[in-house]
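Please go over the structures that come below.
Two complexes, one shared chain (chain A), two partners (chain B, chain C).
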Partner chain A sequence: MTTGDIGLWGVPIAVIGGAIRVSTPILFVSLGETLTERSGRINLGLEGTLVIGAMTGYATAVLTGSAWAGVLVAALAGAVFGLVHGLVCSLPKVNDIAIGIAMMLLGTGLAFYFGKPFIQPVAPNLPAIPLGWWSDLPQVQAALNVNVLFLIGLALAFAMHWMLRATRPGLIVRVVGDSSDAARAMGLKPAQIRTIATAIGGAFAGVGGAYLSLYYPGSWNEAISSGQGLMAVALVIFARWNPIACIWAALLFGGAGALGPALQSVGVTQGYYLFYAAPYVLTLGVLIATSSPSRAMAGAPGELSITK
Partner chain B sequence: MTSLTRPFSHPLSRRGFLRGSAALGGAAALSSLPLGARAETPLTVGFIYVGPRDDYGYNQAHAIGAAALKEIPGVTVVEEENVPETIDVQKSMESMINLDGATLLFPTSFGYFDPHILTLAPKYPEVRFEHCGGLWSADKHPTNAGSYFGYIGMGQYLNGVAAGHVTQTKKIGFVAAKPIPQVLLNINSFLLGARSVDPTIMCQVIFTGEWSLAVKEAEATNALADAGCDVITCHVDSPKVVIETAAGRGSFVCGYHADQSALAPEKYLTGAEWNWGKVYTDMVNTTLAGETIPNFVRGGLAEGFVTMSPLGPAVPEAGRSQFEAVKAEIMTGGFSVIKGPLKDNAGNVVATEGQAFLETDPSLESMGYLVEGVIGATS
Partner chain C sequence: MKVIGQTPGPDAALAVETLGMTMRFGNFTALEDVSIRVAAGSFHALLGENGAGKSTLVKCIMGFYHATSGQLLVGGREARIADPRDARALGLGMVYQHFTLVPSLTVAENLVISRLDTPGVIDWRAERRALDAFMAAMPFRVPLDQQVSRLAAGEKQKLEILKQLYLGSRFLILDEPTSVLTPDEADEVLGHVRGLCAAGEVSVLMITHKFREVTAFADEVSVLRRGRLVGQGRVAELSHARMAAMMIGAEKEYVPAARKGSPGAPVLELSGIRATDRSGLKQIAIDSLTVRAGEIAGIAGISGNGQMELMEVLTGQRATSAGEIRVEGAPYRASRAEAQALAVRYLPEEPLKNACAPRMSVIDNIAFRSFDRKDGRAAFWLSPRSMKAQGTDLIDAFRVKAAVPDGPIAALSGGNVQRAVLARELTGAVRLLIISNPCFGLDFAAVAEIRARIVAARNAGAAVLLMSEDLDEVMELSDRILVMSEGRIDYEVAANEASLAEIGHHMGGHA
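Right, the complex of A and B next:
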């Protein structure tokens, strides 16, 4: 029988599969936030950007019949949201955290309002690459059905890491993020650079939203995000503003989220509410374990409003 | 009781303004109407949904029911979506009562009852609060509140009959939101329906913990498919994600709340659907006739509260005939899903030999167990 019971082996396979399936939007949002925060600004509004990306992506895919057009429009919508956040925060004495919360509410509100007619229609899904072809087990095949956006996210993380470490634009972002004074002395315009970084970060979050609505779970409704955007912003601290670490953080979070359903499916049924808290407990645990009373948070950009 | 201040108590309030202008406009409109078209007693009915109205699920089923009321002359329907089960629903209800003049309210979500309806019902004795779900009881709760629900467990039993004829792995799956009695009855009914075809069938249940949590529902569906379940159904607010994910994994699906056959035409076996239009029309007609709606309203397939989706192409001939036979038996009344000898999945006896619980039995509305053959636990 091909769809047989594989018993306890189902748990690690489901966790790996879940990590790949669930982590992509978290990865995109945390990469976007990493770029934004490395330039010295916090954008808490990415939850709203994620939802607006999910809605615009889904709506575009429904209307045009092309999932990739949806991804593109979601990225554009995300960039617009990032741009607005960036421009407003460039004004003097504007608190980026307050604006972020406002943008979050605006994004979800707009998405709910304009997304109404798109709850029912079915949009074309993004393609997946069957990397599990070598296995006869349908469970393995399903777990390794990897979406293209996940691979793009991985590539983006490495590219961003290299960009920040070894290129001139990366240096500019880092200087602006660490010291506005030094940046000005170099002849850079911090506000402008932060606005660009926030807009690009917003575009990333928009793509993450398109993944939610166009691939997994692959449906637009108002509860589609359920706080993943906020969690991803928090994961940036967990990842210490390092794009490569964002991959691990997102995978860990996604895999931990798959643990609850997977354990129930093999008969570990007691205390599932506890298992559902696993991702959050894990994040807290690692943060506590890696924090130190004697030094400041390693990797934190100096211009962030939470570190100043 | 909390001391809520009434909104809009200012003399030049929006409420007063709206009333005044509505009265002017209404008088102008009425005077131009022929005499016979005037409604005797206009009635404003308020509907509150916990999610979006077109979710392919729970809220859509209620909204379709509400839409049926718009045909009745003299009835105005006001609706609000996405109202959480918090103090927000009290605000929505008060604004419907005070601003729209609603005198019959349908706050449709389970969690709206306690404490929200219970707070407002004594405060507005002239308003009727009809709650969907099994929580109202005569000795504890206000008489201007009432409870209505349908015996949709029978529908899940029929889902199970269809599933029992289709499953190859002899394992079927259920994505459930929370372990409340209605959900547990649905899970048990689904399995017992399948076991009426083949008593070796098992049912795996996964609780997501929330009524609407798309990613977790998709993960739960994938976990069920990984565990070898080849027919999957659910009890969550919007079955869309479960149906699409399950069909994408090659599993067959049974619908719930509304007809989801359009989402997976080849894989959809059948589905248990609400038919609230009939219930709401009856209740509004009762109110318009000047009578009081009974506090405890129940009905099932026979009463037209619940209907089944047409059988899908994957159900074999033997399944079709058994499905129709069982459905006819349910329609005549006296059919019991929970009947002895029956144990729960922890080995405790829930029904002894010869004992049978009719669908109308109130003890089923406090069900706290999963029957033998269900893999899962309520906590």
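Right, the complex of A and C next:
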């Protein structure tokens, strides 16, 4: 092969392609978590929601033959999980972190139980747009084969940013997330608003799960998420609860995840396994570097149980 | 000019009047036949001690409470206010003691979202134009793009007032608006409020207990005591001493509690103590304070003048930036070992919070001073049997009504928690007893008993430092009276030479 051989240039191209491919579910989960946390709650259960979204999305696509129907059902399943989390946390003296962990275990457990029959069948994939048509290089074409959901995720990030700034619901979410007292003084019901925000956040995570099973890796199995839902929750802190910053955080995480396979593909045989750990090391490093023992985290919603 | 979406309200200052306002909670009368008239465009001060009924009155006006009887006139017409929304629609607004702003939102966002009719999609350009026009018409401004968490306390207070005006309030209730401000900030804010009144924009009813602010800014004053209106008049015609007399009550003979012996050697000595107060803005500065054995030194003062912080310094709950505390000549840092060795005992205010582990049992709480000691030496193993025996004895001796001595202390009534803590603190040798508001919220019998125990400790030779907002209590118990005002002790007098008027004058701060 000579035409496709571009040597070490393959690494950055593969990293860019990987960033776009891997980041999509993380982007969706972190956007959903951003909305939830902006309203003053933490939903650690999004890992479970992601897996249940992957399972229900895949199963629906298998049964109906439509990948988009799968995405819709995954969003609905995610919303139900978010709603349950939100409603339980609205009861007095319930800790949102503990409920989140319970929901995470419940979600993965249910998905494995109901998902068993769907490991074998093949579902239709979500469509991708070949944005690399201008290039002759197959590597570039592969890297720029962008899934529609990624573009939708980008649009949603900007929409959420606008919503939080310039709409009444957006301001209300921020008021409730920052000061329950001020919210009550305005006649708002914090628990109700947080429950709605958690349900919508769950729907986002469900869509992220559908992407996993219907596009990349593109099949349903029990190891499909490998903790991406949890990483996405951590990335929200890294992104300082800002939807636009969630895009960069997700791309960075995705790119780091693509580093190992890319190095392997150009023939690096020693130590590339270490690069598989890059996204986790990166997340840890960034969180340590951006936090401070003395000053409070800038941009943290005041009602979050981790920042109180 | 019409601000987008603003509810059409009155366009000039409102007169508000209460007629024979009475509020009863069960048998307790919080407010009795109070008639106050706030003329349109006037600045009216409402004075009174804690529990005098000031908050009850304004809550009746704002619709949080429904008065048992009496009428409210707004703009000369009778108004029925079922809830705070009605009050808002009539143009009545209230600025609370704590801030109700959302810290992470900008000033502009806070103002826009506080409206009841914020549109679904906010047209920021139009809102900005309206807000700029609104700010331009105000005598003072707050930067619109600043995040509220970055504003100083004075700026936040100004924003709270601006917010009420933005919402169309034409009658403002300010609930101790300067309690979190420095004196300079307070003067600035109140000066602007006065300007707004003079311009006929609003009428103001301000709850306060600072005489200085009343004389400097208010037109008229009403004084409440124990739920009754005890004085009213134009500020220009009233002296501080007169207002203090109204607030505290008529000059009466105090019968000092039976006492014997005379003060001995100094036990507690404070010198050059400096600490910051709760808000982090004001300084507590105690240059020198001495309490001798066999005397009760009483610190009088209106709440919020640094007594709580001084208590926290003495109990080791608050760090000092300078100065020294000595007990019997030895430096004292309020460690458990020092308190044990020097026999220093405390009865802080809110003892359930400051001196108890609420969920632990009454017996355990009573044992806090002694559980780890046996025959005067440190012990590792607890002895539940002797703890229980001692606890039961003390419960009987101090007549603590504890249905279940093994049950949590939080289940006891306030008076019984107080007795239980006193039982613990007064057991064994006591060289120094430091007490804050020991009888707050207790019934008559409990008050008499607790005061008798404090005097008994003094008669037994202990040095007692008593801080109390209840002037009667200080007058009755003390051998020597000190007055604390704005973080300093600025008056001292022997109890037998004390005059209520003079003490009241110092409590209100110098004008």
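Note that the second predicted complex is superposed on the first by the 302 of 308 C-alpha atoms of A that agree within 3 Å, B and C clash if a C-alpha of one lies under 4 Å from a C-alpha of the other, contacts with A are read in each partner's own complex, and residues count from 1 in each chain.
Just so we're on the same page, a contact is a pair of C-beta atoms (placed from the backbone, for glycine too) under 8 Å apart; a residue touches a chain by one contact, two chains touch by 3 or more.
In this text, all values refer to a predicted model and were calculated from it rather than measured experimentally.
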| item | value |
| --- | --- |
| Partners on chain A (chain B, chain C) - clash or fit | fit |
| Chain B versus chain C as contact partner of A:Tyr280, first or second or both or neither | neither |
| Contacts of A:Gly10 with chain B and chain C, given as first, second, both or neither | first |
| Angle at the Cα centre of chain A, taken between the Cα centres of chain B and chain C once the superposition is applied, in steps of 10 degrees | 130 |
| Which superposed partner A:Trp248 touches (first chain B, second chain C, both, neither) | neither |
| When both partners are placed on the shared chain, which of chain B and chain C touches more of chain A | B |
| Partner chain in contact with A:Ser219 - chain B first, chain C second, else both or neither | first |
| Which of chain B and chain C A:Trp68 touches, first, second, both or neither | neither |
| Three-chain overlay, closest Cα atoms of chain B and chain C, distance in Å | 33 |
| Shared chain A surface residues [contacts with chain B and with chain C] | none |
| Complex interface listing, chain A residues touching chain C | 166-169, 171-172, 174-175, 178-179, 181-183, 185-187, 299, 301-302 |
| Of chain B, residues touching chain A in the complex | 51-52, 54-56, 82, 168-169, 171, 204-209, 212-220, 222-228, 230, 238, 240-241, 244-245, 248-250, 262-263, 375-377, 379 |
| Contact set on chain C toward chain A in their complex | 85, 96, 98, 100-105, 109, 112-114, 116, 118-122, 124 |
| In the complex with chain B, residue positions of chain A that touch it | 1, 3-6, 10, 13-14, 17-18, 21-22, 112, 116, 119-120, 122, 138-139, 142-143, 212, 216-219, 221-224, 226, 228, 257-258, 260-262, 264-267, 269-273, 276 |
